[in-house]
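Worksheet: one structure, shown below.
Residue numbering begins at 1 within each chain, and the chains themselves are lettered A, B, C, D, E and F in the order written.
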Amino acid sequence: MGAMRVLLLAAALLALACSHGATASDPSLLQDFCVADKTSQVRVNGLACKDAKDVVVEDFFFSGLHVAGNTSNKQGAVVTPVNIAQVGGLNTLGISLARIDYTPSGLNPPHTHPRSTEILTVLEGCLEVGFVTSNPENKHFTKVLNKGDVFVFPKGLVHYQFNNGVTNAVAVAALSSQNPGVITIANAVFGAKPSIPDDVIAKAFQVQKNTVDFIQAQF
Amino acid sequence: MGAMRVLLLAAALLALACSHGATASDPSLLQDFCVADKTSQVRVNGLACKDAKDVVVEDFFFSGLHVAGNTSNKQGAVVTPVNIAQVGGLNTLGISLARIDYTPSGLNPPHTHPRSTEILTVLEGCLEVGFVTSNPENKHFTKVLNKGDVFVFPKGLVHYQFNNGVTNAVAVAALSSQNPGVITIANAVFGAKPSIPDDVIAKAFQVQKNTVDFIQAQF
Amino acid sequence: MGAMRVLLLAAALLALACSHGATASDPSLLQDFCVADKTSQVRVNGLACKDAKDVVVEDFFFSGLHVAGNTSNKQGAVVTPVNIAQVGGLNTLGISLARIDYTPSGLNPPHTHPRSTEILTVLEGCLEVGFVTSNPENKHFTKVLNKGDVFVFPKGLVHYQFNNGVTNAVAVAALSSQNPGVITIANAVFGAKPSIPDDVIAKAFQVQKNTVDFIQAQF
Amino acid sequence: MGAMRVLLLAAALLALACSHGATASDPSLLQDFCVADKTSQVRVNGLACKDAKDVVVEDFFFSGLHVAGNTSNKQGAVVTPVNIAQVGGLNTLGISLARIDYTPSGLNPPHTHPRSTEILTVLEGCLEVGFVTSNPENKHFTKVLNKGDVFVFPKGLVHYQFNNGVTNAVAVAALSSQNPGVITIANAVFGAKPSIPDDVIAKAFQVQKNTVDFIQAQF
Amino acid sequence: MGAMRVLLLAAALLALACSHGATASDPSLLQDFCVADKTSQVRVNGLACKDAKDVVVEDFFFSGLHVAGNTSNKQGAVVTPVNIAQVGGLNTLGISLARIDYTPSGLNPPHTHPRSTEILTVLEGCLEVGFVTSNPENKHFTKVLNKGDVFVFPKGLVHYQFNNGVTNAVAVAALSSQNPGVITIANAVFGAKPSIPDDVIAKAFQVQKNTVDFIQAQF
Amino acid sequence: MGAMRVLLLAAALLALACSHGATASDPSLLQDFCVADKTSQVRVNGLACKDAKDVVVEDFFFSGLHVAGNTSNKQGAVVTPVNIAQVGGLNTLGISLARIDYTPSGLNPPHTHPRSTEILTVLEGCLEVGFVTSNPENKHFTKVLNKGDVFVFPKGLVHYQFNNGVTNAVAVAALSSQNPGVITIANAVFGAKPSIPDDVIAKAFQVQKNTVDFIQAQF
């Protein structure tokens, strides 16, 4: 049965441009801006642009990042994205944001952003964070962060944040892409649709197939 | 006489990689990370890297972004940068941050980032912000932002933030470069060292030379 | 009252792709060429392309760069652009040109190209040129150029050219973008539409509001 | 009269995206994938994308690379391309393949890829290969390759492969572009349509015009 | 206890440039080539270059890709890399190769390349392959490949190959980076050094901590 | 015997950064400028930088582009380059220039720039110019240019200029790279050192080996 639903819902928004087969323009800017035309039928890398004369100030605006997301989910954490899906003016500009809320013991589980580095600022509470380098070292860099601390997760590497404190935590992440993408490891491996064959996963993780089946049932 | 001194001091830090003739690597990442080796004598585009085995978790870390900067300066605003000059791990990763504090009537004066888009989040207070497009329109997009509001300033365009409220304001800006650079218009035009000839500025701004001389004396 | 009108008219052409909400393709070329289809309704980063079989040799051609522009304007200088707005074949190719004519005391006033480096060649006459680095140095590099001299203005920095000679001057500039953009500082700050509030500008330039109002009235 | 016909036919496929005035998106990926929509009327740099929900696994698939191409042509060599023209899923992903078959004495004649480096692996037989650096050295790097050997031809340089063995040879080339392009030197110079004037070629190659005319007649 | 050791050994080579803290130049080529100088003490993004006059043809050469790797390991699969660590001439050129050998039931377990798309060709045998899209779909694209089949794994996405046949299988992968990097999911999550806390992993995968401890012991 | 000597001498300068095993930084600028340090022993993609505090205005300057080059050579044409080899300030800025002088019947023979588009302006005289697209079309776009005419040669394509007038001609070319490179087709194919085997060239150009030997003797 479903876990991480709320987190995934946020992630869904975070990945909206992709899930819509959405497409866009490119990061080497060729005019002052290329605000996404979300009504366009044209699909390109990124999104097609609005006519410049139809661009309004609201195209560069988002409100509500001070509002806590709903953390009532199995992971006790939720992401509120502010990327190309929410702010059309970000199209071709190579940057986006997200707010993350964590209950005590709330977890933003191990994931990668295939198209982005992340720089995270803790606004409230306390987070244990980490990232792991690629093969063969798989070196784990980890640190406990407090209010006002900033941490960098290099592009494409597996990373996580865990609220090891007794109060709620809040962080803001800046990401180096208009649509960074999120690959939650557990979901991609155990929750793929259709499933990755259990013998493949069992061999990869060196476990019995029934352990794999048990985990897949959670997703 | 000196104006904007404190703001400039922060700006100086914000631009440190450049002012040191500092140099670095490039944004198309060719390994997991390329943490800046600030002791290196080698100057390249960006900064040379540390040996990966000498990299420590602190290379990706900064603390103190919750602390207000000192706004006791003529503009009533101060920038606390978190870029390649403060966090060596950002080298080649294409992103950075800054905290900005504003007193009531505090101003982050019109400036450009020659290498970066900016996405700003208001943490406290109220800001009147704007940016202006390039010739020939010079169209001014402006909006009043409140707590939790987010706004995008496209790469290279002139923009500003002004605290039109009665309380202090605080914002965090994310920028799409490890070293975005800041060109404060007033300083670049009237405070260049050595000065731009006053007849050049007088003609450009359609004013008398003594007006130019008066303004130059402020910087 | 209007100043810099003719210069702006040329600048308007120089920025046409943007002012049309024009959009285009990207600088990492994926076919031999992607000639702009100026009749296309499709808006992307840069411009959409013509069918390759409809491309003609004139798409790569412009004539008249030997003809002096009309310098009868307040600045005594005029830009004749040769970019994506004039030559559709430049689309995705990352380069453009401009001819600049200057009367004696003619000025191409302080401006930036948000998307381009400029390399300028003096064809006739004599020019005093300069550029200013970013904060905190705001270092002014300046030089007097004569016929046959070449000078580089790095990407995004404020620069100008002034004819300090007694005869007309002519220069050709090459720019590292199909649509480099021009931000004339005086126009962006004092001529924005709608205006930037005069108290913002007054504080930024350390002048009285009535001085700001006077300057704004020129633009 | 026609020479290199079959080789050119393959090359034609290799260059299809261009020959169709085809257009596409860009290599800085802004979503998980941007599979080429070959039915789209929209022309951009690269190709427009299919709606993500219409993407099928076959979009990432090609079969038959184990099948020898038909080498019955004057050069005794044939290229079987696997690029954006064959595999729509490669759009925006920056890579492609080609299989090359050579009879004994078969030649893949001197050519450049204007948008790509090539890394070649010999699967069967023996090849004499080489590339030449740019002016002024025109240094020729050459080597005899056997089964299992790998060789790199840097982007944009003139290179060739010649089967100097007594059996057929087979190689697979990987190229760093979805549409690398092929400029066969002999065809571009002597087989251009319409012809490059024979006096231009005669002077360039320091030969008589009738020699040029003779060679042009072969293409 | 150690699993995937041999596979990891190969992966270690595949990632050598990083594990050495090695660094290099960039993919926007600024000369004909920039062959890696592996003796250089200079660390940049990618690798520093040899003096062009010391470059030899062997710098662009690798032999032995026809030789099967040793698949005597728990996964029954081994990667033979041909990237910047093996061929210095690839530096700045944006491409590399790998041979992969699989026993029957051999598995190249779920992994990502943080810096590269992969295009795989089956030379011998039969492979079941797949990749999974990012959140929220986690859509699994999977296909059985036979000799001569080619398949594309888009940049940054989780993918795997499994030999579901009764004979050995061999594939060649081309990758769109000189140093694509490999993040084997099981190793990054369960084999990180030092370990990711078991309560973090337990919560992420919705399993008991002792299950996590059991899996971690395999790596 | 030597032909095109003078043209090659200029080309040699044009390619100097490469011939020195020169190396440099990259085009995604990470500071205001990265002026080439020509005394540096460090070799990277492009060139290492000077300390910013040692940069002088002359680093951005070149004089003499109004002076005709010496056209006393077999081709009757000579290139005066203004690129990274002449102007260190161009490092990482992605642009350069060249002046070309032609006697009547003077020829800038068919060549490619592997790293650059070219936009050419005719300053004096009359030129017949052309470029040829890639396979399979090899379409020849050609035009006669007069004073003040501008023409674009897309990146990587074979192109030439021929003075079909009765007076000297002069042009200025702008190129979209600090070090565009020049591959003169005749020199790369017939003048490579050591030679490309004559049987390879004979087969490629469909001529007798003694014709090849005759042509090779000219270079």
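Everything that follows uses one rule, which is that contacts are C-beta pairs under 8 Å (C-beta built on N, C-alpha and C of every residue); 3 or more make two chains touch, one makes a residue touch a chain.
Owing to the predicted nature of the structure, the values given are computational and were not obtained by experimental measurement.
Asker: Across the interfaces B-C and C-F, which one involves more C-beta pairs in contact?
Answerer: Pair with more contacting C-beta pairs, B-C versus C-F: B-C.
Asker: Rotation angle for the CA superposition of chain C on chain E, to the nearest 5°?
Answerer: Fitting chain C to chain E on C-alpha atoms yields 180 degrees.
Asker: CA centre of chain A versus CA centre of chain D: separation in Å?
Answerer: 39
Asker: List the centre-to-centre spacing of chain A and chain F in whole Å, with centres computed as mean CA coordinates.
Answerer: About 47 Å separates the centre of chain A from that of chain F.
Asker: Tell me, which residues of chain B touch at least two other chains?
Answerer: Within chain B, the residues that touch at least two other chains are 18-19, 26, 28-29, 32, 42, 44-46, 114-115, 133-134, 142, 155-157, 181.
Asker: Which pairs of chains touch each other?
Answerer: A-B, A-C, A-D, A-E, B-C, B-E, B-F, C-D, C-F, D-E, D-F, E-F
Asker: Touching residues of chain D toward chain F in the complex: what are they?
Answerer: Residue list for chain D touching chain F: 3, 8-9, 11-12, 14-15, 18-19, 74-75, 105, 107, 109-110, 112, 114-115, 128, 130, 132-140, 142, 155-158, 160, 162, 181-197, 200-201, 203-207, 211, 214-215, 218-219.
Asker: Would you tell me which residues of chain C are touching chain A in their complex?
Answerer: Per the stated touch rule, the residues are 17-28, 42-46, 84, 114-115, 177-179, 181.
Asker: Give every residue of chain D touching chain E within the complex, in rising order.
Answerer: Per the stated touch rule, the residues are 29, 32-33, 57-58, 60-67, 82, 87, 89-90, 93-97, 117, 119, 121, 123, 133-134, 141-143, 145-157, 172, 174-176.
Asker: Quick check: in the complex, which residue numbers of chain F touch chain B?
Answerer: 25-26, 28-32, 34, 37, 40, 42, 44-46, 48-55, 92
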